[in-house]
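Labels for the chains are A, B, C and D, by order of writing; each one numbers its residues from 1.
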Amino acid sequence: MAINKIITAEEAVAGVKDGMTIMIGGFLGTGTPECIIDALVAKGVKDLTVIANDGGLPVGAYDAKTARGVGKLLEKGMIKHIIASHVGMNPLIGDGMIAGTLECTLVPQGTLAEKIRAANYGLGGVLTPTGVSTPMEVEKDELGRDKQVLELNGRKYLLEMPLHADYAFCRASVADTFGNFYCAKATKNFNYVMAGAADHTFIATEKLVQVGDVDPDIWDVPGVVVEGIVEGEPVWQI
Amino acid sequence: MADLKERIARRCAKEFEDGAFVNLGIGLPTQVANYLPEGVTVTLHSENGFAGLAGMAEKGHEDVDIINSGGAYVTTVPWVKYFDTATSFGMARGHLDATVLGAMEVAENGDLANWIVPGAKVAGMGGAMDLVAGAKKVIVVTLHTQKGAPKILEKCTLPLTAEKCVSKIISEMGVMEVTPEGIVVTELHPDFTKEDIQAATGCKLIFSPDLKPMEEE
Amino acid sequence: MAINKIITAEEAVAGVKDGMTIMIGGFLGTGTPECIIDALVAKGVKDLTVIANDGGLPVGAYDAKTARGVGKLLEKGMIKHIIASHVGMNPLIGDGMIAGTLECTLVPQGTLAEKIRAANYGLGGVLTPTGVSTPMEVEKDELGRDKQVLELNGRKYLLEMPLHADYAFCRASVADTFGNFYCAKATKNFNYVMAGAADHTFIATEKLVQVGDVDPDIWDVPGVVVEGIVEGEPVWQI
Amino acid sequence: MADLKERIARRCAKEFEDGAFVNLGIGLPTQVANYLPEGVTVTLHSENGFAGLAGMAEKGHEDVDIINSGGAYVTTVPWVKYFDTATSFGMARGHLDATVLGAMEVAENGDLANWIVPGAKVAGMGGAMDLVAGAKKVIVVTLHTQKGAPKILEKCTLPLTAEKCVSKIISEMGVMEVTPEGIVVTELHPDFTKEDIQAATGCKLIFSPDLKPMEEE
């Protein structure tokens, strides 16, 4: 019965190699699977391309004693290229760009979500009004490709192509042993579109239940996209 | 200065109908929520993940699962709906009645620049580009000038956030609507003359035949 | 406080005029808001364009004593054009097409959902591999427009444009007075993408709760897209 | 005939790894679920709204909120996840390990026709076009001929459901793989000779050097 997918955080990151592309859920650290990030830091891979909303938080932000989320990977210099919508809250990104050690591709937040969803859901791309007549229209995309602009029904749209990763790491508030899960309140953010948008999706969950123990309509993300589940993701302490 | 900003926020708060769904940007736009008229309930969009923002969380009573788009701990209304980023920006592009935000520059055709200064450290557009490309009404709230230089111009000099998106500008000097003919002043604050507001503006203003005083209270 | 949106079924359909385009949630009747359909039948508009997964069910299907869902509108001859993915379960559609009284545009089920979602979420269209090299590629779309085929990264995709309606009628299992709602089990189908894809969205709900009475994470669809809520949608009887 | 169909279903049931996510079309494909080997758990996709189909509901114990894509009342497994149509076809295009379905015609390049006969009453493609355009593996289960006429052809004569999508064909005569070189017979049922299966097929078959007998039980 392949319906119990419990693994350790070390097992979740075991396949991650130097130079790979990984997606990480969360918004300024809220909703990021910290126990998986910690295992990734302990493993010590480098030259990662990271797809995330932002650079997490540096030490000291909102009085935190440690960096948070993607911020931990930035602190250890594990990232070569970050694809994100907002990088102003973590000065390590600006510093790395100036020093020439870090590449950064900015993507509008809603567009970033749709590009990831397109990869997840087998679509070839989406047309969005966002970014028309802005630098987004003329700048190359995250893979160095030109953007296409289409005019339909008298309105211009950017054609945004799918964004796929080798690994996706997401955070659940509650999951069952099959990997069906949901994220409480404002921790959903990128966790829902990223789960499934990579060759391998692993989640860390605060709470675990057995399959069938709860009303299945509480789940938001289907367990069929989840390869492994790490138990014991801590509640963030402030 | 604080008074001028409060004036702008108070005036902007009269823009919404009961039941409106609105996104308020960080800073001055956020203050607009404090001045909503009696009987007007607005549902506030927090683009990181919900419809139904209330206010800041009290120290010691934070819910670590509820932040706003600036990362601060906040509270929510009883009819809150939390959602993921794809849904949140579906709401932004498809359903927001209004987005209120600041501006570095606004052009007379409604072009908006508010996310990047070439050469300066890059912060990223976050959700701003989606919010202005999608909302039914984009309201810019801003001090009329920046260090004496006009922010309302014939043409933006900075890279755009979106083209032809702004529908209304509210400053300490007055209320302006962006029309196909240009920027029409519909309300002028009693502290200023037509000449004052024109002198502080980088493009030719049109004064509405119905020009009213900007309501203070 | 515009957070109580309770109305009657008659009020929900009051604005529907002859010739309008309406979306109706449901899959072979399961998840269709019957009390709103009944009010629409009572009102008696005609020449409707209906966007739905299918033609509902005719009398007698699965031993039913009445037609179900869109089947009720077909029975009364209220539909001029149906846009659907499957019409084989209700013979009234084939009969109408042969008689020349009913136009039918077929859209693959997944494409239909994405077209409606694009309208709902302010996108200009999506690229799907579905339908490439099939009649879908050469047939006109629901508005008589040619399809565009794009080749990206060596693969062909159809560009599918948004599908919008004047009214959307959806069925909820549980809703609050603001219109946040969810549909139990397999009744979700088209109800989630249709809610918001029209100028006016109305829902009928089996159960109603006050705002704040339940954990908000049970909701799937945001009440901000809902204009009015009809109470007392019956449970289907077999 | 029933025996031949059972043979096909039994053979197809061996195609799945433990944990696979599979869509079974209506009719013969549905029967495949009855013959899954011991220790192989498959999650069945019901495109109208869930992952985790179990079987038909008992008369008198139907849940009116749970139907399959044919409209029949069914039951679900404990790890079921219900979803809306957009998500369901996201799963179909992006995550299904296999789709099993019948065919009117299959071409040697993997083209599939199974949804429309010009001139006949139209039923509609439902979810079939999405399912075959998206799944990692499309398995056709079918009787080898229709009223004596081959269903496996050089080129389909009917309108396609999707091009080059079929990866495997299982009939009562054998198991075939669609390869860039053409259709390769990998298993031949002991009741038939190479000449028999070739005679019943509308295109040139390639016989695998590893040709095995089609496993019966």
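We take it that a residue touches a chain if its C-beta (ideal position, glycine included) is under 8 Å from a C-beta of that chain, and two chains touch if they have at least 3 such contacts.
Not measured: the values here are computed from a predicted model.
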Count the C-beta contact pairs for C-D and for B-C, then tell me which is higher. C-D
Determine the centre-to-centre distance between subunit C and subunit D, using the mean Cα coordinates as centres, and give it in whole Å. 29
Distance from subunit C to subunit B - Cα centre to Cα centre, in angstrom: 35
Averaging over Cα atoms per chain, report the distance between subunit A and subunit C in Å. 33
Centroid spacing, where centroids are CA-atom means, of subunit B and subunit D in whole angstrom: 55
Mind pulling the residue numbers of subunit A that touch at least two other chains? 114, 117, 122-123, 128-129, 184-185, 216-217, 220
Residues touching two or more other chains, restricted to subunit D: which are they? 76, 82-83, 86, 89-90, 92-93, 134
Any two chains that touch count here, so list every such pair. A-B, A-C, A-D, B-C, C-D
Using the touch definition up top, name the residues of subunit C that touch subunit A in the complex. 114, 118, 122-129, 150, 152-153, 155, 157, 159, 161, 182, 184-185, 216-218, 220
The subunit D residues in contact with subunit A across the complex are 18-19, 21, 39, 41, 43, 51, 76, 78-83, 86-87, 89-95, 134
Show which residues of subunit A lie in contact with subunit D when the two form their complex. 1-3, 117, 119-123, 176-178, 180, 196, 211-212, 216-217, 219, 221-225
Touching residues (chain side subunit B, partner subunit A) in the complex: 46-50, 62-67, 69, 71-73, 76, 82-86, 88-90, 92-93, 111, 116, 121-130, 133-134, 159-163
Can you list the residues on subunit A that touch subunit B in the complex? 27-30, 53-54, 57, 61-62, 84-89, 94, 97-98, 104, 106, 108-114, 117, 128-136, 173, 183-193, 220, 235-238
